[in-house]
Structures are given as structure tokens and as C-alpha cells.
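Got some structures for you, see below.
One chain, chain A, links the two complexes that follow: it is found with chain B in the first and with chain C in the second.
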Partner chain A sequence: MCCVCSGSRGTGAMTSRGSPSRFLTSVLHNGVGRYVRQLQRLQLLFSPTAADARGARQFVEEVAVDFARKHPDVVLYVRPCSNPTPVLVAEYLNGTVREELITSKTSEEILQLATKLAGQSGLDIIRIRKPFHTDNPSIQGQWHPLTNKPSILTVRGPRLQAQ
Partner chain B sequence: MVVLSGARWLRCRLTDRFWRVQEVLKYARHFRGRKNRCYKLAVRSVRRAFVKSTKARREKKRFLRALWITRIGAASLEHGLKYPSFISNLLKSQVELNRKVIADLAIYEPKTFKSLAALAQRRRQEGFLAALGDGKEPEGIFSRIVHRQY
Partner chain C sequence: MARRELWSEGCFRRRCPARWCPLPGTLLAGTSGEGPCFLEETDLVLGAAVIMAARLLVWASRQLLAGAGAGVGAGTGRLTFKTAPRQVKKRWLRAYLEQERSEKPNWDYHAEIQAFSHRLHENFSLDLLKTAFVNSCYIESEEARRRELGLDKETIALNLQDNSKLAEEGMSFSRSYLTQCFEGAYPELPAEGIGALVDFLTSQELVSYVAQNLSIQDLTLCKEFPAPPDVLQRTFFAVIGALLGSSGLEKTGIFVRDFFIPQLIGKDLFEIWQVVNPMGLLVEELTKRNISSPEPRITRQLGVSTVLPVYFVGLYCDKKIIAEGPGETLLAAEEEAARVALRKLYGYTENRRPWDYSKPKQGLATEKAISSS
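Let's look at the complex of A and B:
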């Protein structure tokens, strides 16, 4: 058999046991009471002279301040430094660090990306087994083999034996 | 100076063979035998696993529906009805719940399922009366069709 196509297998394959999966959760029941934004800080690392960081520089000049005002609980660090590729690093409250390359992206695209990262929780982006989750799936009591049987089978005790 | 073709005596060594191999082997780690360790065997198994997982998505829908039907049949037998009559009488009473929801109700809300079974049973009786009773009994309540108000 010829080789599996290597290189750009970024999203990962969806075998059930071959790739990791998780259940739908929210971090510490976020949203039940108060909603806490899970994005802690965004670091924008770009070089002040490289050509592919032009979108990043435009983002910083035009849009970054508005973004920071709209998301007051996110700390935005802007770092011009001489790294080879411009990168947007998002750190979440549960410790997940996510790096996104922003080479040759326009400032609108970077804004869209930043808004998307701001809305995410830091949970892993892997296959979610079910699109729903409840802590209390049963209100009337989950079925067990004696649910629909006559209650004489479940009653025990000295009163019964006396009869 | 523009160079149209690179010097042909240049050689370059492949330096990331390890990671290229790991990309494939990571999907084979839970396999049995040497195909979870040896790249040549793993490549074939991983490709077959991917193909099977793609094709199985169509089968999964059929499998889950069959599972729901089995569960609904077992639950309705507890209440004295068989699956075909349960489903057909529910549909005739304009209860348009799908099998997934009815199966979940049977597991997690047994009293609701009991009332659904009772509804289907009553509609069944009304159907028999309408077919065999020759018009002497009044029309059944659950046999009335409710038309949409909009």
C-alpha cells in the first residue's frame, strides 16, 4: 500500500480509538452562574520590518486598541521582536497555550482570529463524543429491571413476612 | 546572478524522518502485533483503519437506529405492546417523536414511556372499535386528527 499522505495532516484523523476524544463540558460549569472569559492573555509577536508581518502591524496600529477595549478581561501584549514568523499566542485559564501563525494575514483576518480565540475555552479541540451533556439525565428515576414489576417484589421486611 | 537549475551534485540529508514516521505510528499504537511498532506494516493498517472509519460513518446511523428500535421494542413489551403496533399507533395519534428520543425516554423517564405506551394501546383499541364496531360506539378521542392552526 502506498504511504499515507504525509505533510499537511494538521486536523488529524477521526478514528474513534486512534485519536483522542472527550465529552462536551464547560470549564467549572462556566455560564451557569457568572460567565468568566477563559482567555487569559493574547501575545502578538511580530517583527517590525518583515514583509509577512504587515497584517500584524496594521492590526496593532488600527484595531488592537478597540479589541482590547471590547474585551476588558483579556490582556493583550504586543511585542515587536525579531522572530521569524508572526505569531498570535493565546493562553487560557486552564493552562492551554495555543499558537496561531498570522503570516500574510490581513488585519481583518487577525481580528476575526482573535475574536474566535477570545470566545473559546481552553479545552482541547478534539472529537466531541456527543453534542450534549447533562449532569442529571433522569428526572423520574433511571430504569432498572424492577421499575415496571409489581412492587411486591421490592418490598421486604418483617411486616410482609408476618402476613 | 539568476540560476535556472540548482547544482545537481548537491545532496541533502533527510533530517525529520523520525517525526514523519511518528505521524503515522501514533494512529497505530493501539493495534495488535508488529503493526503497532513497524512502520512498513503500520502504514498499511493505518490506511485501512482510516478508510474503514470513513465508511463506518454511514453504518453507524443504521446501527444506532437498530439499537433504538431494539430498546423501544423491549420497553414496550414490558407494557404489553409490541414494537410495530406501538410505533404505528403513536404515529396515528400524531405523536411524532423519533426513535432516539423515545429510547432515551424509555431509559431515563420510565413513567413518561408508560404513558406513551398507554396512549398507543388506547389508540389501538379505538382503531379496532372503529374497524369492527360498525358505527354504534362514538368515535374515539385519540383518533381525532388535529390540524395545524397556522
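Let's look at the complex of A and C:
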């Protein structure tokens, strides 16, 4: 029944409650120990003759080798094939595969896109519920309704220091 | 068989994605290239009411599919749990997705190994690293395959070493290094506690999870796909063994620290170390420190006569409080208070100083001193 109602508002214009969301998180606590680039490989599939793949071909001729040198941890596969549309496929360490169309994009735009993909982790690009996350939300102890109420015992004294 | 299959979850969508096939045995030409779609062996006993329900189900599913739109990428994240499938997976697509990465197009093993080495910011010797990924089950299955193909003896014998020696070295080094780290950081924690922490960190589950998120399963050579967790664990330890051979003790220690110790973030000591009798353990620890045994007293209580009471029990040694813990019953509260007291004694509280990941000055000894702060 609920799926019938959503049809009236169009494909993606649901409220954020209806669309998927996640918490801010990182793969394997990346960055705590050392930073591991999450992008594993980039596949550039383009046609050698089509007009809309001109930017892709220029990228391969001019910029791709520099990009590969600057990112030695990303494997760049360049494959001219009879694709209908030129596409950049990014694979991440956590298994996500992202395809970006680069039809009629210039070489600089493709470089920008590739750099952006290289900086992302493979987590879903959906609404992040809060822009912060902590594993230790409380230092002095989580408040509960009995925190500052007097104890029923009359014995008081300094807390024993654990030595 | 067919009727149960037909009405099981998601099956209807899978078999007839966008066409509704009313009659059994009907062959419908696929317009969108999805191939013919037909029902076989369906009972005509399905009443009209059931068929109406089927029509509604398919129409609703079509709405859902239209609404889902082009999701981000076709893959699922290994990190998150899988929710209900968003798009219909065709049979050939499913077969493609179930292949290993090395069998899909665009794969260069040597380049991938080099990138792996750079990604971890380590200088591996590539021979050792390649050996680390070869499992004995792979060698056996390859040789068996070649024997079946009828090749001669020279071609059958693969000149590959397997990773068992490297895996052993890696495992023993990781365990001893982690034990040293914890002894330095938590000097009060007894040997069983440290053993429990190290066992948790080197357990199959955790190590295979870490290995999967470093995509070691793409590079591993093994018999089955997907690689089972024990193979991934062995391969990861073999990689550590390879690093030991390439870069020495210090760098490998930093590597182990960087990948294993963050897995303790957010975990409580007694989640990892199962202690059956915390009160008994607490009494032992206090007698070792020459403190009198604790006396439990109720400090706070709420809702005693209701279905959900809350008791706070405090443990007092020489009339001074050492810990307080809540619980639903008095016994549970006393046990929790004992656990809180143990956490305080061992220095493994939730508000302890976070682990120090800064670069050590020289050698493991200095590192121990820094991490015990």
C-alpha cells in the first residue's frame, strides 16, 4: 500500500524520511591507524572514434599518465572498446562499484572527476544523518535520572583511587 | 514445487519482471530483451482471487522499480548489510557478478599487487608478497586440473611456494607484538585478559573482515570462490609475514598496530573477555592489592514494586566506594558493580586515554613506554 502512494510524487522527490540515509562512518576506521586510499581501480572505457568520447581520448593522451603517477595505489585501466557511451568505472575496497558517464566531458573535467573519485570511500552517497560521529560520547559518564540525586546511604567519603 | 517458488519472497519479480503472464505454458516474446517469460507447471487451481492479487503485486512492484531509479552503481557495499534487492538481476548478470574479480575484464595481477603495496604505504618485496597470496589449496587444485587435462609431469608441477610458512610467521609475530602492546598499555590487566584480547584480534572473523575490506580476496589465489574466512585469515597473516621479511620488525609492528588495534574502538573489555564470576575475580584482585573485600550496598533504587525495577549497588571497601553498577535485580546489579570495579582496576574504562598512534622514536621499547601513558 505504501508503495502505491509514492508514485504520485515522482521518482526521487520523496522526503528524506523516505529516502535511504546512513550515519557518518568510515571503512575499517580508516585514518585512525593509517590512511588507506579507498579507491582500488579505475577503468576508463571509451570508443576510439565516437565524437562524445573526445574528452576521454584527450584525457588518455595528455593527463592519464600523470594521474597514474600521482596515484600509485590506484590501478588505471584504459580500454578503447566499442562502448556506446564513454564511462569511468571506479571500484572501491569495500566492494562498491560506481560508474560515471563521461560523455562530452573535457579532459580537465574528467581529471576533476577522477580526483574526486579517488578521494571518496566506497560508502553510499546518501543523506548522512549527522555530520559527526564519536565512539566515546561520554567522558564523565552518561547522565541518567539518578545521577545527581543523593544516595539512600549516609556513608560518604572520597572515592578510592585505583592504583 | 513451482507454486511455492512462485509465491516466495521476491520470486515473482525475478521470474516475470515487467510482464504479467496469466496462463501456464504461455510463451511471451520479451520486448526489452529480457528473454521469453513463461510460467511452467502452474496449477490452474489458482483461483481468480489469487490472480487478482498477483496483478496488484506486479503493478505495485513495477511502481517500485520505476521509483527506485538508477541507483548508485550496481554493486553492494561489503561494509553494510544488504537490504531488499533494488533492481531485477538477470540470470546472466547474476552469473557475472558471482565471478571472481580476476575472471572479469580489466585485470592485471602484477599491477594490482604493486598498487596493493603502495596503498598500504609499505615497501613489500614483490616476490614475497606474491608468495603470500598463494594458498596450498590453489596449488593442489591447479595441479589436479592440469593432471586431468593430461599434460606431462613437467608442466603439471607448479613452481609455486605456498604461504603456510609466511602465515605462521605472521601469526606468531602479530600475537607476540599485540601481547607486548597490551602489557605495556594495561599493566594491571592479567594474562587471561590480555590473552582474550589477543585471541579476539587474531580471530578468524575479525581478520577475515579486515582482509575483505582491504580487498585481499581479489588477490588471493585459492580453490573456492568466494574465499572462505580461514583462507583470508591465513593470507592476511602471510602478508604480514611477507612484510616481516621485506621491511623488518619495526615497520611490521607499526602495520599490525595500525590495522588491528582500531578494531578495539567501541568495544568493552567484558564483551571480548568472557568472565563468568566477576565478583570472585574482583575479590582475588583486591586481596592481591591488600585491600579488604568489598561490601555491596544498595545506593539507589527505583520502581522496586513494579515490573521494571532499577537497583544501583555500590561496592564499598573500608567504607569507601570503589564502584557502582545498575541492574534489574539485586544480583544483576551487584555483578555489574563488580564488572565496573574490575574495569577501573584494570584501567580499561570507557573514558580512558585513546591509543597512541604517533610514530615511535626508536625501537619497540620506546613504543611501549609511549603507549602505556
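Here is the rule we use: the second predicted complex is superposed on the first by the 137 of 163 C-alpha atoms of A that agree within 3 Å, B and C clash if a C-alpha of one lies under 4 Å from a C-alpha of the other, contacts with A are read in each partner's own complex, and residues count from 1 in each chain.
Everything that follows uses one rule, which is that a residue touches a chain if its C-beta (ideal position, glycine included) is under 8 Å from a C-beta of that chain, and two chains touch if they have at least 3 such contacts.
Just so it is clear, the structure is predicted and the values come from calculations on it, not from any experiment.
Novice: Touch test for A:152: chain B only (first), chain C only (second), both, or neither?
Specialist: second
Novice: Answer with first, second, both or neither: which of chain B and chain C does A:32 touch in the superposed model?
Specialist: Second partner only, chain C.
Novice: For A:79, using the defined touch cut-off, is the partner it touches chain B, chain C, both, or neither? Pick first, second, both or neither.
Specialist: second
Novice: Quick one: is A:51 in contact with chain B, with chain C, with both, or with neither? Answer first, second, both or neither.
Specialist: neither
Novice: Quick one: classify A:125 as touching chain B (first), chain C (second), both or neither.
Specialist: second
Novice: More residues of chain A are touched by which partner: chain B or chain C?
Specialist: C
Novice: Just chain B (first), just chain C (second), both, or neither: which does A:41 touch?
Specialist: The second partner, chain C, only.
Novice: Between chain B and chain C, whom does A:94 touch in the aligned arrangement: first, second, both, or neither?
Specialist: Second partner only.
Novice: In the superposed arrangement, does A:140 touch chain B (first), chain C (second), both or neither?
Specialist: Once the two structures are laid over each other on A, A:140 reaches both partners.
Novice: Quick check on my understanding: which residues of chain A belong to both its chain B contact set and its chain C contact set?
Specialist: Overlap of chain B and chain C footprints on chain A: residues 3-4, 6, 138-141.
Novice: Report the residues of chain A in contact with chain C in the complex, numbered from low to high.
Specialist: Residues 3-4, 6-7, 11-12, 22, 25, 27-29, 32-34, 36-37, 40-41, 43, 72-75, 77, 79, 91, 93-99, 122-126, 135-136, 138-141, 144-146, 149, 151-153, 155, 157-160, 162-163 of chain A touch chain C in their complex.
Novice: Show which residues of chain C lie in contact with chain A when the two form their complex.
Specialist: For this pair, the touching residues of chain C are 60-61, 63-64, 66-67, 69, 72-80, 105-106, 108, 111-112, 114-116, 118-121, 210, 213-215, 218, 257-259, 261-263, 265-266, 289, 291, 297-302, 310, 312, 314, 316-317, 319-322, 326, 344-345, 347, 350-351, 354, 357.
Novice: Can you tell me which positions in chain B touch chain A when the two form their complex?
Specialist: Per the stated touch rule, the residues are 20, 23-24, 26-30, 43-44, 46-50, 53, 75, 78-79, 106-112, 114.
Novice: Sort out for me which residues of chain A touch chain B in the complex.
Specialist: For this pair, the touching residues of chain A are 1, 3-4, 6, 9, 13-19, 137-143, 147-148.
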